[in-house]
Amino acid sequence: MGNGANVFFLLMGAILVFAMHGGFAFLEVGTVRQKNQVNALVKILADFAVSVTVYFLVGYLIAYGIDFYASAADIVSDDQGLGLVKFFFLVTFAAAIPAIISGGVAERMRFVPQLVASAAIVAVAYPLLEGVVWNGNFGIQAWLADTFGNPLNDFAGSVVVHAFGGWVALGAVLQLGPRLGRYGADGRATPPSSIPWLALGSWLLCIGWFGFNVMSAQSLEAVSGLVAMNSLMAMVGGILAALVVGKADAGYIHNGALAGLVAVCAGSNVMHPAGSFVVGAIAGVIFVKGFEFCQNRLKVDDVLGVWPLHGLCGAWGGIAAGIFGLTSLGGLGGVSFMSQLVGTLGGVVFAFVVGLVVYGVLKAVVGLRLSPEDERRGADLAVHRISASPEADR
Amino acid sequence: MKIVMAIIKPFKLDEVRDALTSVGVHGLTVTEVKGYGRQKGHTEIYRGTEYAVSFLPKLKIEVAVSDPAVDKVIEAITTAAKTGQIGDGKIFVYSIEHAVRIRTGETDDAAL
Amino acid sequence: MKIVMAIIKPFKLDEVRDALTSVGVHGLTVTEVKGYGRQKGHTEIYRGTEYAVSFLPKLKIEVAVSDPAVDKVIEAITTAAKTGQIGDGKIFVYSIEHAVRIRTGETDDAAL
Amino acid sequence: MKIVMAIIKPFKLDEVRDALTSVGVHGLTVTEVKGYGRQKGHTEIYRGTEYAVSFLPKLKIEVAVSDPAVDKVIEAITTAAKTGQIGDGKIFVYSIEHAVRIRTGETDDAAL
Amino acid sequence: MGNGANVFFLLMGAILVFAMHGGFAFLEVGTVRQKNQVNALVKILADFAVSVTVYFLVGYLIAYGIDFYASAADIVSDDQGLGLVKFFFLVTFAAAIPAIISGGVAERMRFVPQLVASAAIVAVAYPLLEGVVWNGNFGIQAWLADTFGNPLNDFAGSVVVHAFGGWVALGAVLQLGPRLGRYGADGRATPPSSIPWLALGSWLLCIGWFGFNVMSAQSLEAVSGLVAMNSLMAMVGGILAALVVGKADAGYIHNGALAGLVAVCAGSNVMHPAGSFVVGAIAGVIFVKGFEFCQNRLKVDDVLGVWPLHGLCGAWGGIAAGIFGLTSLGGLGGVSFMSQLVGTLGGVVFAFVVGLVVYGVLKAVVGLRLSPEDERRGADLAVHRISASPEADR
Amino acid sequence: MGNGANVFFLLMGAILVFAMHGGFAFLEVGTVRQKNQVNALVKILADFAVSVTVYFLVGYLIAYGIDFYASAADIVSDDQGLGLVKFFFLVTFAAAIPAIISGGVAERMRFVPQLVASAAIVAVAYPLLEGVVWNGNFGIQAWLADTFGNPLNDFAGSVVVHAFGGWVALGAVLQLGPRLGRYGADGRATPPSSIPWLALGSWLLCIGWFGFNVMSAQSLEAVSGLVAMNSLMAMVGGILAALVVGKADAGYIHNGALAGLVAVCAGSNVMHPAGSFVVGAIAGVIFVKGFEFCQNRLKVDDVLGVWPLHGLCGAWGGIAAGIFGLTSLGGLGGVSFMSQLVGTLGGVVFAFVVGLVVYGVLKAVVGLRLSPEDERRGADLAVHRISASPEADR
């Protein structure tokens, strides 16, 4: 199998995950109020661009020790630029972190501080975790393997990407505080602006997710149909569970698919399809219950529910790989429950601290929130000076 | 001249227009409105949170008519818009002092 | 009978409705309108070109009430809709000669 | 005081507003409405089936003015809204008994 | 060519056909009235999940004799899980059946009975036909080959998927009856809610369709550029014919592309591109005329026109492969007109009976229709308790 | 590497570029006024179909000397139909020309004359340029190579596709004249109908663009990860520059991504990623400034800004490859600045003349514009007799 085929393989993965960023954008467009739709779109695009830039400059170096400070001939080397597509593929993962956070802090966060936070996290914090888990940095994986028998198995990033993003987002949302009028005496929830737009976001995410998971093999030699089928089954489990537990709620079913996919990332290479179905179904339930808990008990105003979706279901996925990956449950084995548990908890704690610190520092230094007046007018007019349907404004 | 203004259920529009045409009314203006009254709204639910939708979609119809035509216009609307179910709506009548057809400058009854 | 028609700021709708309910008004009709007045609009910008948006979103509320109720209805709306900032809106009152409840055929005060 | 209510063609809005401003009117309220009258609608077609669209988009303009200003307001609207083509619309005038500016509580002519 | 490359190849096919399901969803969103848009979205997602589940449990076993009741290690075997991606690819075809039916029964069908019907059809009825045509079950293909010289050539499912789905849908629609107010004294048609949304659906379907057709080769050894080009030419023929015959009607042109693609599935591996263009163009005409015939003559309230689209154009495609596949018409040969005719008719009759029976039984036992009041309010509020634009409802 | 793999590779490229056509459609839907949305959708689809037909009949023959006037067996030959997928891939490029022009002439151009213009351009004019640059026709590339050391390097069509399309569009727009009420005493610009729809168009274009660029290698042996990474970096550069220079304007940022991608096409195979970032960023600035210059100074009513986007940024890309492709700037070399400059200018002049002549002749013979009354009502009702939201019209 030549390098050309692997370049092609990873390229398709990168394109698919890039398409997921469109999904993040439209999921947010449909979920926020109309006065913040333009901001949702611009944020995702701008965050993506900032993320690629900083990951190119330092992030990739931190995670994998590879830089691009050499001539084109040198960085292409003799493998048809396979290493460069690898960067493309991995940077679409890195850029998912701000895209996840974006959904939590929507509708009241200032634009420039958010870009700065994205830069800090993608340049340094995420690559640190990524390097530890996927590149063996600091010997932590080796230590887990020594101690519990196997390293943390996080095949496609339930922990590295989703739990990390979700828990950073929780820290960010806590620093930011709820939207005006969300809680308190007269507080009330706001309904989403458009189900079709959020459904489109969910579809783009689901479609791209198969690239996220399967192409995480990073080469045709390592690719496995099991990952594809497990992703499918977990998504289906998430849909059905959210349908039943969420009582045919349009928001839950479209997020249930995503919950299943978040949870299956870690163990998709080792679980049985039936196990993946169960993992996805449990994730669907976790999302439904977790979202209500977060909104109504914790009174944390995480607009899209990114903490329950990515944070909780990602953590569940990390742990679940240590259960359903076992041969006794039909899995391929090679995973240790304790490594999964410890590794997941470690990632979660790190992420939460990162979220609190990065957004806490920004809050102290420049402030995070739109002025109340701007928040009331909406970020579209306040930040971008245009509404989502300008022709209709007259 | 009077304006007969009616709040009706949206799906009754065609019937009301036909009834008005058949009593000689050839012009009217329709506005989409939301109504609040005895008819209760519904509750929507999104991701576990309920949203009370207390205003219901209605249509407001405004017809300017000459004084003698008022009664048959009211009659026509009432008959056509009635379902007998709560929320059928109301008719209000008030006087206007002038009417002008912009195109021709004709005034009052000739303008209708 | 009179119709009290008020132009208000959109986010005041719930407060106004509650105020009206508490003075015994059980029906009203709401229309989305655009207002032009002392309160200035804003400018939007798209690819370097500015667009003046001079009309602002407002809501029009129409309440038909019996004559004795007019003052307290005006009072209720004024209090609930007021922010003290420019653009709070207006109230206009005019007489109606008939009112009909379509469902029952009841007329005048009984129809409200 | 009176309310001058005009139904006009949508693309005439800016001209009408400018004409009103130039005769000293500084406030007005606009509503999107659908009109039915002599001007015929059109037929749309989707996959071989025709749909009659008999209501045409119009705008309703409402301006509250003091009595002496009525004629020049009518004049201003008529001139600005006229194309001479069928469907230019109508103007209706009726009396109002009270006007209130919500922000200040000013009443009647002072409220306009 | 290694298994990894074939896993990749089939995976991309599966992803593309999965994306078509998003297309089904948005085509329905744009075509139905606004009060049924949410239901369209939820139905497609739920139907997909149910389909995957039952096909995993029994359908695949019926069609191909393969099950997944073994450990992950056993089902992955030593081909990098190629068999599992094959399942993924084929289940996206199976799940297309309910997605097709959904468009016919839209706006008045109850939600749970529809899911039950989907389950029954995807678990048993569809796999029976699929197994006969694509796996040689029951020796019917062998008999056709013996009798007429060649078996039924249905490369990518004009008959197995589209004609089957379309004729089941006809049976379903007949059992269900028309929407309130559609026919009868005051009956009238309702215009679609949104051309952009239905156009998006059509685009997603067209894009994914190239995976549907080309990846039906199921391996890189068997892949043929001819299939890709024929699909393109048939789509183009369908667009142009619908444009001309349908007089630049937005609905017809977007469906014309699909009509061409439906018809080319069967013979895309054997026809000449010019022949495919003609087949697609005829399909475009069939759709336009068939839709009007169905709506206005038969007075069958098939909302999206899935019977003319999939049923008629699918049957035409099955037969057309027996004409334009002949070497005398520039084709590659290896097809028999009589096998195509008999096979297609057999599939059509089977499908129509399945539709009548499955929906007939459900009608007798639990009832198919929303209450008149729920139908008037719309399935969005009645079933999902939310409208498509919740923020605007206040 | 077998032919099957190359068929697959080029097929994915073709599908991705085909998806870009959906992007063109929705970018136009969102940017025009609501009364012209349906027309935008129908135009793109019809233009695509016409383009494929004429390119199949003559265009491909003109460019590459290959026709399909032979039996299926002959045209498939023994390479699994690789040549046919190549046609599919290249025809999606050819069809991009009318899609680009469409955005410039939107809202007042008659439908049939536009189709005729598309046919003429895709059948003859575009293939002439394409053949010269990519097939060495007429020895012009050889002459450039002899004269300046290297031929014109236009890897993925900054010049052949984008500059050509953009400058033809400029000619077309000049012949057509501005929309009613756009300039003159009472002239004013019209705001776009919908930011979410135009953003969707931009996303589809960005996603598909990676196929446009990377698959231009046309074989797995020739594929290079450098092209993928350069495309990414240029897109990111375009986003960031448009964000800053355009002051967070939603229109600019979504077009900035496209500007970067237009500009990187030519040199994506030879530049360094950092160079590509710079090229993209400059393109972002060119678009912002060029659009304002075109609209406000030149008073050319190019509705979507296709001349600044494709025409100016494409030309910049052609020239930039001769700068940033040099080894002294970290590139791979093998390019000559003078070849890039002369080749680009030649392409631009040719395109501009083609635009002026084709639309000029049509203007003289049949007329280009909708009647003023039809333009006022909008092309949707005038041409297609339906509006974008028919249900809401009543």
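Odds and ends about this structure:
Each chain gets a letter, A, B, C, D, E and F, in the order it is written, and its residues are counted from 1.
Here is the rule we use: contacts are C-beta pairs under 8 Å (C-beta built on N, C-alpha and C of every residue); 3 or more make two chains touch, one makes a residue touch a chain.
Keep in mind the model is a prediction, meaning the values are calculated, not measured.
Shared contact partners of chain B and chain E are A, D.
Comparing chain pairs B-D and C-F, the larger number of C-beta contacts belongs to B-D. Looking for a copy of the B-E interface in C-F, A-B or D-F, one arrives at D-F, which has over half of the same contact pairs by residue number. Our note on geometry: chain C versus chain D, Cα centroid distance of 18 Å, whole angstroms.
Centre-to-centre separation between chain D and chain E, using Cα means, comes to 51 Å. Note on chain placement: the centre of chain A and the centre of chain F lie 33 Å apart, centres being C-alpha means. The set of chain E residues touching two or more other chains comprises 5, 12, 191-192, 200, 249-251, 385-387, 390, 393-394.
The set of chain C residues touching two or more other chains comprises 31, 34, 44-46, 51, 54-55, 94-95. Contacts between chains, counted with the stated touch criterion, involve the pairs A-B, A-C, A-E, A-F, B-C, B-D, B-E, C-D, C-F, D-E, D-F, E-F.
Of all the residues in chain B, the ones that touch chain D in their complex are 3, 17, 26-32, 64, 94-103, 105, 111-112. Across the complex, chain A meets chain E through its residues 1, 5, 9, 12, 16, 33-34, 190-196, 199-200, 203, 206-207, 210-211, 214, 219-229, 232-233, 235-236, 239-240, 243, 248-251, 253-254, 257, 270-275, 277, 327, 330-332. Of all residues in chain B, those touching chain C in their complex are 2, 6-8, 31-38, 54-55, 58, 60, 70, 74, 77-78, 81-95. Partner chain D is touched in their complex by these residues of chain F: 376, 381, 385-387, 390, 393-394.
Within the complex formed with chain E, the chain B residues making contact are 11, 34, 42-46, 51, 53-55.
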